[in-house]
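Think of it as A, B and C in the order they're written, each chain with its own count starting at 1.
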């Protein structure tokens, strides 16, 4: 295995392994994937994130050659895939249902891809056993799939794909069929596995926690289009669209009008806020245009008295709802009548009986200009 | 924009489409020709000589054919009624009760479905001639031997269909009726029968078609005065292919296709109702 | 499910009529035939049950063994041809767009609802010497000849002096064609049922792992559709083996099957004991085929549990 590991020796994130240009897929009048351009770099753990029906699985299946694009091109390692059928592509897939062949033993499942490539039986079985050890299923070779748990079957599917040393490993909702505990554990294992084999992983998921915790970069998709491609932290802190801001984590979206925008400072007035607020951000918006303030609930501070720091954006309101979630509580604060409530998350540092605020309290909300972003769309 | 053929779009592959075409032509061309040439104004059946209904008139004027047709329908109706009753009883028996030798009993009930028609035919022939079953009774009792034979091979089919329906029966419905004071008979009449109705109709349709379709077993149980439509057609076909037989066959095809369509439509409607009730 | 003892009255009222019918009008006739198979002829129609095995021994005569063999070959060929054509049809239906699926299925089932005799008769009209197939072939022959004449090759008579119609009827080929015609739907339906249940991602996984379409088909689709293939084969093979009408109407003098011999013993040769013995041999063969399938089902079910 070590002799073929040139993929792993290439530095991560330097050269592209997958280049997607103008890719579209229509089913009759339905558009599943709409003019997508995307570059995935060698050796990275890439996630395609989005709600169900956003086209992420279709995109993944087009990479595998299981769906053929209506328009656009896919290059894998510089080679155009248009005329390459699924069985000749240098990628392998872990299916959502795992698709472990029920009529073959675990060993025959893992060796299948090698055997169809003409690898002699003994050699295929030896490498299958190595792959099984890699996914911690050493010695499971003679078992039949119906004797395995769901988690074990997934490992078989992983081993079966990895044993072929693909240039890219595709994973379709790999954790969705596992229970919560196992899911958490598998996240770590997948990341470790990816680091140890050095193969590019492309994972499709609808679970933002999964994407944020595993991926080095994430593409957020909606309605067949890629909304934003960025590392997890950038995606969370600097969403480019309302959809991304709303889809990842919890957010207050406040509609307003841009009053001024210069020197990396955007000034926004909104009916929901009593006073105009100022946000530091590099990309300016034209004055007079509509903008949305995206403000994360945990970045807002709540206090009885207005904060001393005049540099902070400060508004006043009344606590209307409190949702207790154990580790945190969410305060829903009314700033102006007939306008949406603002959510504020406060860590429950003390016992809940000693909550500092309660229903109907007058409070002040404040946040630094470096918190939140103003979005144009 | 033409969608490219994906790896699993087997239906769009040429070889699959060609096979589909060949198979459907093979299945339908003979029947289509038969129907078309029943309207052809030529005895030779090969070249289209113009439209005519004269072979239908001829078939209608053929008393033997008409009598055979009437016999077939009578046998089908009567044997279907008996088959529904017997089939439903067997289905309920097997669904409801545990009893010693049940597996063997089930096997015996399935036997008429699996044994070759010819074996059943000769068994009926041997039986009726051995016990001296009278063959000179008045209509419709002269058909009794054929009707009995038809019931024997069709009620197990009814039982299969009704039992499939029973699998979906919620036993709590029967228990609720009993809890409200209904007797065994009232539960059966008021709860089971209404639930089973679609199954009884489907089973009845199947029995009717099987009876109308049967040639081999009837061939061995019919006498010179109890000719059914298939037996009559058989004797005519043995001599030659005539447009008259084409016409008579077309009538039977239309009858069965209409009946099938009606049965499917009723099942569909029952399914829709069930969905409405569930949703 | 309750024990019959809890409610004996209902049990007997439900069970007695069908059981009595089955006994009197099915099992007794069968038993009669079984008894007759051990009888000897005395005179033209008189028989005496002597417990002789002579009728069964007679069935081993090369003449009848050959007919049994022929019946097996016909039924086997029918099964094979039905499988070869039925598989792509079932595959096409399973992978057809949803709204097409029901229509295609109905088209496969519909002929099953038309009278067997009429279908066989329709086949005769198409296959006979002056039938439709030959008529079509003759038309092509004439057109081809016309083209040849136009090319100035008319005088060479490359296609023969006159059209020779194909002898499509009253031979073994006609019997197999007829049997396939009648039994094809029985093959398609179980194949459809088992392919329908097949998880598509298994085929995709095979392709994804580098298998060619053919290899994926042979190593994944066929093994997983095996229960359907076996059901279909049994559903075609058993009735084909006992066919009477098809060889009778479409076959020649040397394409008789077991059922035709049995019919002759009862209807014209008046040798009921021998006919009875043949009937039971045919039935035993049928049960043998069913037992093979049961054995297979039990083995695979056992594997599933192990």
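Convention: contacts are C-beta pairs under 8 Å (C-beta built on N, C-alpha and C of every residue); 3 or more make two chains touch, one makes a residue touch a chain.
Values in this document were obtained by computation on a predicted structure and should not be read as measured data.
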Contact-richer chain pair [A-B vs A-C]: A-C
Measuring between Cα centroids, what's the chain most distant from chain B? A
Per the centroid of Cα atoms for each chain, what is the distance between chain B and chain C, given in Å? 18
Chain A and chain B have mean C-alpha positions lying a whole-number Å distance apart equal to 59
What whole-number Å value describes the gap between the mean CA coordinates of chain A and chain C? 57
For chain B, residues contacting two or more additional chains: 7-8
If you look at chain A, which of its residues touch at least two other chains? 65-66, 85-86
Multi-partner residues of chain C (each touching 2 or more other chains): 204, 207, 213
Residues of chain B touching chain A in their complex? 1, 3-8
Looking at the complex, which residues from chain B come into contact with chain C? 7-11, 15-17, 19-20, 22-24, 26-31, 33-34, 37, 44-46, 85-87, 89-90, 92-93, 95-99, 105, 108-109, 111-112, 114-119, 122-127, 130, 148-149, 151-152, 155, 159, 184, 209, 212-213, 215-216, 220, 230, 233-234, 237-238, 241, 245-246, 249, 252-253, 256-257, 260, 264
For the complex, give me every residue of chain A touching chain B. 26-27, 65-71, 85-86
Across the complex, what residues on chain C touch chain B? 1-4, 7, 10-11, 14-15, 17-19, 21-22, 25-30, 32-33, 36, 85-86, 88-89, 91-97, 100, 104, 106-108, 110-111, 113-119, 121-126, 128, 130-132, 135, 181, 184, 200, 203-204, 207, 213, 238-239, 241-242, 244-245, 249, 258-259, 262-263, 266, 272, 275-276, 279-280, 282-283, 286, 290
Write out the stretch or stretches of chain C touching chain A in their complex. 199, 201-202, 204-213, 215-216, 219-220, 223-224, 303-304, 306
